[in-house]
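In the two assemblies presented below, subunit A is common to both, partnered first by subunit B and then by subunit C.
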Partner chain A sequence: MQYKSQAVAKPYFIAAIGLFIGQILFGLIMGLQYVVGDFLFPAIPFNIARMVHTNLLIVWLLFGFMGAAYYMVPEESETELYSPRLAMALFWIFLVAGALTIVGYLMVPYAKLAEMTGNDLLATMGREFLEQPLLTKVGIVIVALGFLFNLTLTLLKGRKTSISLVLLMGLWGLAVFFLFSFYNPENLVKDKFYWWWVVHLWVEGVWELILGALLAFVLIKVTGVDREVIEKWLYVIITLTLITGIIGTGHHYFWIGTPAYWKWWGSIFSALEPIPFFAMTVFAFNMVNRRRRDHPNRAATLWALGTGVMAFLGAGVWGFLHTLAPVNYYTHGTQITAAHGHMAFYGAYVMVVLTIISYAMPVLRGRAANSNRAQVVEMWSFWLMTISMVFITLFLTAAGVLQVWLQRFSTSPLPFMVVQDQISLFYWMREVTGVIFLLGLVAYVASFFVKGEAATLASSTSGRAGIGTQPA
Partner chain B sequence: MNAHSLDTTLSAPASLAAPAPEARSTPPGDLAIWFFILAELLVFAVFFAAYAFARAQDVALFNAMQDHLDRNAGGINTVLLITASWCVARAVRAVCEHGRSATGAHWLAAAIACGGGFLALKCVEYAGKFAAGISLSTNTFWMFYLSLTFFHFMHVILGLVILSILWLQTRRGGYGPGHANGLESGAAYWHMVDLVWIVLFPLVYVMR
Partner chain C sequence: MSGTFSKSMARNVFYGGTAFFVLLFLALSFDTQQALPQRDNRANLTPAVAAGKKIWEVNNCIGCHTLLGEGAYYAPELGNVYKRRGPDFIKVWIKNQPTKVPGRRQMPQFNLTDKQLDDLVEFLKYTSEIDTNNWPPNIEG
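Now for the complex of A and B:
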């Protein structure tokens, strides 16, 4: 580790992984509730399990992004973090607020929670993914502002690289668009319209900038390819992202009461959203093929390549499947959406956070890379989680296709619940695959505790001295 | 720490790296701008295909509505954009082949004037349409007319911003034979903006 203050990233990464485990456990609970409806009822009803599953996902990814930024920005700016103490204070605030929110979801009925937390002052609760009580939302804004203040000042006093500028742009965008979670108009059309400004413009807009910056950073480190080349690619990718992604928001505006031109705009622009993801895959493989060093952290390289491929498949291909208005007319809100959501979140954001953790965590623990044994376990976890996510997606897609057919396309459509019974086989298979995913996650956590001789950069860089940031 | 200190004799990052200073690269300009241009052309191509698809559903409506378009304004705008492209090409030649920055800057200024003329005329056209109460929701033809031309309009603005930067740089003698990567990249972008209009104008204004 080059700068002492980068160490604040470590607790963020640990918290991220801890919450990731929680997310998966709740995923398994609700996966089972799909087929055993009263499982854990009334202690954990389905809607609560779902809320915890999705909220934990977002919160742990945010922890991951923050840890990544605290790790990357000092190194990119070639200066210590403006205030490590502020970073640690915000860590505890965010963690405690996040934990209290989840406990609130689980212990108190949602309506009661709303009452207790001042939802009558400013009603912001009750909307998918933005269920957090007002207090938590305010807390998120405070944490985000403190975080951005800290990073921006660090950047201003140090070297300004394209990677840190793109990262900061993405993080500022994240904070700005979150403000729309406070806007909750009576008009349902407007409500949904701006709700997507948080949800879509996060995952198909500003988060992609963060994703690109993280990937570019790790690729520079593990491949040793010229910064100039990698940054140029990064600019091409983020431009493509913004061209397609911003108006691509329109693919959520087909059926919510917005003017009809959104059907065209949404279809046309979002149909092109796979392009930046494809470019990202080509970028990752290209850079690794042109590598000028064999970095001892092969696990991090694997995660980086995996991010490219899985983001393209999950976000790009599975997104395209149902993004055209005439197709979406039938598939809207079916298991096709769930299939896309799972693989896209895993492929793009889960994997990129695991990529940066895989690269940075050994460095934070004082070595260039983990021992060979630890890396083997980590790579096992990569394949277990990735392959089970592919199957979860395939089973949900099969369920979705059947659902569309039986419930919407057939000449004698069946009612929703009857169809759910018909496709339960796929839900069972998804649940079994989910358990394998959990095993992969257990292997991932275990890889942090596997001992063995740590690799050093000098011993495996074919004699090119002085190219690493890590202690040799 | 960083990659700059690496041995630069390796040819690894050739394709996206800056071209060799002495030779004119093929294609001219930066490879990254060509990725960008191809992506832009793809977006317009999909838009044009969607237009064709929508028109095929209701040819009568499209033909009837097309009669309300001002073909003369469209024609003059076509000439303006082609002239601007010609000026840009002259500017690149003046700078890259003859090293005459002042001449190049004049040609770029002429191109910017033509581009500005395009925007002004297009604004007059828009004003007429909006005054007639036409909006994105009037019907499918007007939705496409407004979307396509406005999307292109935004590209002309971006193109003019780029040309203005090139003009400032050229005036300062920032480019010359063998080091005109930025100028050539910007010129390629402007030609793309022109090319899109050359397809858009006949497709939306003229073809029946």
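Now for the complex of A and C:
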């Protein structure tokens, strides 16, 4: 660790992993409720479990992004963080607010929670992914502003690299677009139209800037490839992302009351959205192949390569699968969407956060890389979680294809619940695969506790180009 | 990507390209706002509909159902439920939850008043009359 203040990243990463575990446990509850409908009812109805599952995902990824930024920006800027104390204060505020929100979901009926937390002052709740009470939403804005203030001032007083500029642009974009979550007009069409300005412009827009910056940072560290090359790639990738992804928002405007021309704009531009992900995969492999050092942290390299591949498959290929309007007419709002959502979030955002944690955590714990044994366990967790997620996606896709056929496409369409019963086999297989994912996650957590002799940069550097032996 | 294409060129393409597509997106969004009155059924957006939307929200209906295809995929699409089932069925159905059929997916009891049920039905009626480019493909949603 080059700068003392980078240490504030550590609690953020630990919190992220803790919330990740919660997310997966609630995912397994929901998965079982798909086939055993009254499981845990009425204690935890499906809608509550889902809210906890998705909100925990968002919050833990945000913890991951914030930890990553606190780790990266001082190092990139070559200066200490503007205020480590502010970073720690915001950590506790965010963690406590997040925990109280989840407890609120679980302990209080949602309508009661809305009443208690001022939803009558400004109705923002009850919309997918934006279910948080008004107080929590305001808290998120305050935390985000403090966080951005801290990082922006750090950047301004130090070296301004492209990686930290792109990261900061992504994070500012994240905060700015979140403000649309406060706009909830009575007109349902307008509500939905601007709801996507948060959801789509996050995950298919500014979050990809964050993703690119994290990946570029880790690739510089583990490959030793020239920064100029990596940063040029980064700009190319995020250019492709935004010129396809912004108008690509139109693929959500096919069937919600918006004009029919969105079918053309949305189909054409979102069909191009796989390109930046493909570029990212090529980028990651290219840089690792051209590496000028063999970094001892092989697990981090594996996660970085995996991010490229899985983001391309989940966000790129599975997104393309149902993005053309004539296809989406039949697949919209089916298990196909669920399949895409799972692999895209895992492949792009979960994996990139695990990449930066994999790289940074050993450094934060005072070593260049974990022991070989610890890395082997971590790599086991990589394969268990990644392969499970591939199969979860395949099973949900199979369920979705059958659902589309039976409920939407057939000449004698069947009712929703009848169809759900007919495809339950695939939900069972998804649930079993979900348990294997959990085992992968257990292995992941365990890898932090595996002892052994820590690897050092010098001892394992083969010195391919004779440089890059100094600790990064 | 070697040779003459430098990092600063890549950066300029990024800023230029992003600015262009942001502006194009804003122009399309502006045009959409102008076109919405003909499509979004706002003529029937009564206070009852607005109240119904709020009931929809504070009970987190989207946590199980889809509405115009968006939401959770655990329970039926409700954008066209007014046309599929009619107002009376909807109200009786909600009042009688949960079914308590063993192993079947359960919908909670929300204890809505008659007025709230009427408002919710009005909201679902209004939603079913939005011009959705003919989605969903059939009445089953």
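As a convention for this text, the second predicted complex is superposed on the first by the 462 of 472 C-alpha atoms of A that agree within 3 Å, B and C clash if a C-alpha of one lies under 4 Å from a C-alpha of the other, contacts with A are read in each partner's own complex, and residues count from 1 in each chain.
Operating definition for what follows: contacts are C-beta pairs under 8 Å (C-beta built on N, C-alpha and C of every residue); 3 or more make two chains touch, one makes a residue touch a chain.
Note that the structure is predicted; figures quoted are calculated from it, not measured.
In the superposed pair of complexes, A:Ile243 makes contact with subunit B and with subunit C alike. Contact with subunit C, but none with subunit B, is seen for A:Arg408 once the two complexes are overlaid on the shared chain.
When the shared chain is aligned, subunit C comes close enough to touch A:Phe254, but subunit B does not. Set against each other, subunit B and subunit C differ in how many residues of subunit A they touch, and the higher count belongs to C. Legend: residue contacts after superposition of the two complexes on their common chain; A:Lys232 is shown touching both subunit B and subunit C.
In the superposition on chain A, A:Ser358 makes contact with neither subunit B nor subunit C.
In the superposition on chain A, no contact is made by A:Asn55 with either subunit B or subunit C. Once the two complexes are laid over each other on the shared chain, residue contacts for A:Thr397 go to neither subunit B nor subunit C. Legend: residue contacts after superposition of the two complexes on their common chain; A:Ser270 is shown touching neither subunit B nor subunit C. By the touch criterion defined above, A:Thr307 lies against neither subunit B nor subunit C after alignment on the C-alpha atoms of chain A. Shared contact residues on subunit A (touching subunit B in one structure, subunit C in the other): 228, 232-233, 235-236, 239, 243, 259-260, 265. Looking at the complex, you find that subunit B touches subunit A at residues 1-8, 10, 12-13, 16-18, 30, 32, 35-36, 39-40, 42-43, 46-47, 50, 54, 136-137, 143-144, 147. The part of subunit A that touches subunit C in the complex is made up of residues 30, 33-34, 36-38, 41-42, 45-48, 50-51, 110-111, 114-115, 119, 123, 125-128, 131, 162, 184, 186-193, 228, 231-233, 235-236, 238-239, 242-243, 246-247, 249-250, 253-260, 262-263, 265, 329-330, 332-335, 337-338, 407-409, 413-417, 420.
Across the interface of their complex, subunit B is touched by residues 2, 75, 78, 220, 224-229, 232-233, 235-236, 239-240, 243-244, 259-261, 264-265, 267-269, 271-272, 275, 279, 290-292, 464, 466-469 of subunit A. Listing the residues of subunit C that touch subunit A in their complex gives 1, 5-7, 10-11, 13-14, 17-18, 20-22, 24-25, 28-29, 31-32, 35-36, 39-42, 45, 49-50, 53-54, 56-64, 66-77, 98, 100-108, 110, 126-127, 130-133, 135-141.
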